[in-house]
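These notes open a run of structures that come right after.
Both complexes shown next keep chain A, but they swap its partner, so chain B is in the first and chain C is in the second.
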Partner chain A sequence: MMATRFDRWLNTLGAWTLALIWFLPLIYAVWTAIHPGAYATRFELFAPLTLENFSNAWNAAPFARYFLNSFLLVTFILIGQFVLCTLAAYAFVRFTFPGRGILFALVLLQLLVMPDILIVENYATMRKLGLVDTIAAIGLPYIASGFGIFLLRQTFKTVPKELEEAARIEGAGPLTVLWRVYVPLAKPTYLAYGLVSVSHHWNNFLWPLIVTNSVETRPVTVGLSIFSSVDQGVDWSIINAATLMTSGPLLIAFLLFQRQFVQSFMRAGIR
Partner chain B sequence: MTHRREWIYAWLLLSPALVLLFAFTHIPAISTIWDSFFSTPRGIRPSKFVGLENYEKLLMDDTFWQVFWNSIWYAVVTIPVSVALALLMAIWVDGKLSGRSFVRLAYFAPTVLPLIAVANIWMFFYTPGFGLIDQISGALGYPSVNWLGNPELALGSIMVVSIWKEAGFFMIFYLAALQSIPPVLREAAAIEGASRWTFFRRVTFPLLMPTTLFVSINAVINSFRMVDHVFVMTEGGPNNASSLLLFYIYETAFKFWDTAYASTLTVVLLVLLSVIALGQFLLLDKRVHYR
Partner chain C sequence: MTFLKTMTTTLSAAALLASTAGSALAVDLQFFFPVAVGGKAADTIQALTDEYAAANPDVKIDAVYAGSYQDTITKTLTAAKGGTPPQLSVILAVDMFSLIEEDAIIPFDGLAKTDEDKAWLTSFYPAFMANSMTGGKTYGIPFQRSTPVLYWNKEAFKDAGLDPNTPPATWEEMVEFGKKLTKTDSNGNVTQWGVRIPSSGFPYWLFQGLTTQNDVILANDAGNKTNFDDPKVAEALQFLVDLSVKHKVMQPGIVEWGSTPKAFFEGQAAMIWTTTGNLTNVRDNAPFDFGVAMLPANKRRGAPTGGGNFYIFKDSTDEQKAASFDFIKWITAPEQAAKWTIATGYVAPRADTWETPAMKDYVAGFPQALVARDQLEYAVAELATYQNQRITTIFNDALEAAITGTKTPADALKEAQAQAEAILKDYR
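Let's look at the complex of A and B:
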């Protein structure tokens, strides 16, 4: 009995130590962001609080525009992914046609060879299409998502045949069946995939950095990197305020929907 | 005839997704290989077929070799460490633990933050003299260390950030798998008098093998794909000591505008990814017990 109690105590200690280490960077960022620069490394309990760092950061770069761009970007990608992946997944589940196996294998290949890696060729394509420095160019390579098609196909496969047949007896065509039967039953998957997709594309950096070059198109991640790399003696408190600001929407959403977030990532990962 | 109609219908449903998929994944992957046999067009000089010249250049390129080994080291260290940590976290969070929801929140939080943003925070930790790590070690009487400026330490410092970012993400998958293990097994083992360690080694770990396979393949892909923090923290320096393959591709293509050579580097990355993912699949697949 002694041994198990000691064991449990040790595990709790370990779990908490690791949790504190994991949380430390975030706590530290919050500390520097809400205190004047002088307290960046002086930890006094009653240090004066301030929101000045946030307003300074907000005014130092066109963050309002960056936020709008990021918002437009993730919305565009999400809607595009939902529509295209739904149609494709439905075709794979509901129809038999020559080439189905090969095409599905090609879709799965995208899980390994992601557009993130093919930056050189995709940039050349965007130049040919005249799309460089547009929000569409940031989103287009990700819209036909192999992951999304796979996830929705798995979900659609679990839809009972009887439901579909009942709908068809009532004279519903394939698209009506999709809209009335399949999509409503896949709601949890859409939520899961939506959360994963939004957080992924809000956070994406390399491709937007390459394909944008003006304030009108840059998402927050690229905006933040430009802001914090300017060596004009910008002080850390302001950079950390900007850092928290850009992660803010996701962080707040995460705190509010913690359970859904975790479950979504879980659902998205179970294959 | 009805068959024919079904086919056409299916193809119509698929075509929008397939067009984009081919346009931005499959065709670029193939044209990357094609382009690696040509020279970079410069000014009025169009690109011409050069055979294996780019590959010869690659073999002679000291920077490439350094970046190549950096990437391998980066994968070899970050993947096992973050996967092992993820498993440990999942077991802790799955068991009885006071303050479990806070602990889970702490582990998972780095996952939802942009890598580029958390790199800023970590920058501050690493700053010599002023940063938090130096403050703590200074208080304990150790000399100041320039973590990101020292070629010996820069890559390791970058690795720490990616382990911190990834472990919580992988934890989720282990957590899902742990919760699907029937409690009957644990009860049976308890009756048999098996210790917790024996139970883990003989029952839990084998049952988690499919998750380990899934997580580690994901980890491989991520370790070659995520280079955002390199941009903020070191820009590959000092002297390419912390540069990774994808970062070098970016530099070659968009700083030096040598697109043909960048394509050649991309081919290396594609081959590396395929070989590792395939090898992992074959190696681990034998030890996976599917339910």
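Let's look at the complex of A and C:
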């Protein structure tokens, strides 16, 4: 009895410590963002509050347009990935066709290749397609996601064959089976994978910077980079204001849907 | 109906395109630029290109912000390999050898047709051209060039009983002043360091100030042989290490580059070494009277140059190359260069820029701006070799190992030289 209580106490303490450590940078960011630059490195409880850092950051680049671009980008990628990965995973799970093993090995191989290595090749492809400097060019290389296919295949495999057979007897074709049986059962996986995908592409920097040239196509991360000016020294207040601003939508979305996300991660087995 | 309408619109648009292409010799230029000094610099470049475009309606310039210097060369080389290089770009002067090796750029000499153009090529400060020429050809035109200088806090000097108007002229004086300026509180914690030479990220640059002052050059002009294991280099590194270990006038360990100006403003360091690119920032934000001086001397005075040059890319039409040449000539002309220098603090790369009324007004109110220009007389080329990224990484790692105390300066440098030798011997 004593031991379990001590155990629980220890667990709680550990959780709180970890949570605090995780949270500290965010607290620091909030602190510097809402105070004048002079208070960036010292703590004074009643330091004057200001929103000036946010307005300065907002005005330093066309962020409204960048937000729209980022939003279009992650939506486009997410929809593309869902459609493509669902169909591919379904094919790998429920159909036998020649070369299936090799194809799946190729998909797995994609997990091992760093996307950065392919930048030059991807750029050349986008140029041949005439897509350089478009939002589609930022997203296309990521649509056929090896990770997504793999993850959905594993999830689909756990769906009992009986459910599919029952649907077949009711007269459902292969696509109806996919839509009515597999997709609904894999919802937690979609949610978890969607979160990973959205946050990854919201934060991606190098590839969007390379393949785009104009304000109309660039995402927020590229706008954010103008604040990291090494020659001049770093202004933490403005950087943190801009960082909070750009990561804000994701943070808010996560806090709102926190419970669903955590549950779907548990079920989907990504941690 | 809708289909027909679309067809006619498309056709008329195509006809319009054909007619404009036929009538005027419109030239499209794409221009990549990095920003290392804050958001305002990007606005200044945009304003300058707009001004040029307004005066030259037949040229369309698309100025594209390309991130940091590192991002810019990645973006440019990727675009070049993908078959659509920009027509011109500002890239680090030290990346010249890499760009030549990739066969991405062309020398300016072939584009200089008239005597006036040829004279223009030789009108820049020689210290800046040292990083812009190789094999007798000019590959880069100095634009956002800088050099490190010493900034000192006059109030801190006064408080320490030093003459607020005399900066240290030699290494010994810097140590001596530093000892007076280093203050500790009652708990023994240092509240103000005497001197701060940042060493994070690219320590080789400021360290090159020390080696030059110790009268040794780190690499040859051809960019294929380094000199890291010279005893004088080790001596300079020992001095840098001694500043924190022996003399205790500098914060020990790796000193952050980005927060150096802030540390200066907040009185955590009384003297800092940093780029002239910071001049405008320090002027706007230092809450006390400050001075700017040349770096202190040892065997001689000395500093490296730094920053970015204009390059013209190979894979464009002759009209585009000629237009790029013309644009670069325009933007580096005195009037435009003066605007750029005043907005950023970069050193105007030609002597005649300093004669313009705008610059004269500027230095009259702010004589500190002249220090960097005067230091050019003693400046040497920034460390640049073939495989520049790899060589500087090797060198930086050696410096960091010595600064953090994991290796002795001599050992670290000997290893770095051996590694650099293995890479560079193929280029001789």
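As a convention for this text, the second predicted complex is superposed on the first by the 217 of 271 C-alpha atoms of A that agree within 3 Å, B and C clash if a C-alpha of one lies under 4 Å from a C-alpha of the other, contacts with A are read in each partner's own complex, and residues count from 1 in each chain.
As a convention for this text, contacts are C-beta pairs under 8 Å (C-beta built on N, C-alpha and C of every residue); 3 or more make two chains touch, one makes a residue touch a chain.
Since this is a predicted model, take the numbers as computed values, not measurements.
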First (chain B), second (chain C), both or neither touched by A:L206: both
Chain B versus chain C as contact partner of A:I119, first or second or both or neither: both
First (chain B), second (chain C), both or neither touched by A:L10: neither
Which superposed partner A:I79 touches (first chain B, second chain C, both, neither): neither
First (chain B), second (chain C), both or neither touched by A:A166: neither
First (chain B), second (chain C), both or neither touched by A:R127: second
Contacts of A:L256 with chain B and chain C, given as first, second, both or neither: neither
Partner chain(s) touched by A:G146 [first = chain B, second = chain C, both, neither]: first
Comparison of chain B and chain C by chain A residues contacted: B
Which of chain B and chain C A:A64 touches, first, second, both or neither: neither
Chain A positions touched by chain B in one structure and by chain C in the second: 41, 119-120, 123-124, 206, 209-210, 225, 228-229, 236
Chain A residues within the chain C interface of the complex: 40-41, 60-61, 119-120, 123-124, 126-127, 132, 206, 209-210, 213-214, 222, 225-236
Residue numbers on chain B that touch chain A, as the complex places them: 6-7, 9-11, 13-14, 16-21, 23-29, 31-32, 35, 85, 88-89, 92-93, 95-99, 101-118, 120-122, 124-125, 130, 132, 135, 164, 168-169, 172-173, 175-176, 196, 214, 221, 224-225, 227-228, 231-232, 246, 249-250, 253-254, 259, 262-263, 266, 269-270, 273-274, 277
Residues of chain C defined as touching chain A within the complex: 30, 35-39, 41-42, 62, 64-68, 71, 74-75, 78-79, 81-84, 146, 201, 257-262, 266, 274-275, 277-278, 281
Residues on chain A engaged by chain B in the complex (per definition of touch): 7-8, 11-12, 14-16, 18-20, 22-23, 25-26, 28-29, 32, 41, 83-85, 87-88, 90-92, 94-98, 100, 103, 106-107, 109-125, 140-141, 143-144, 146, 149, 174, 199, 202-203, 205-206, 209-210, 220-221, 224-225, 228-229, 236, 239-240, 243-244, 246-247, 250-251, 254-255, 258, 261-262, 265-266, 269-271
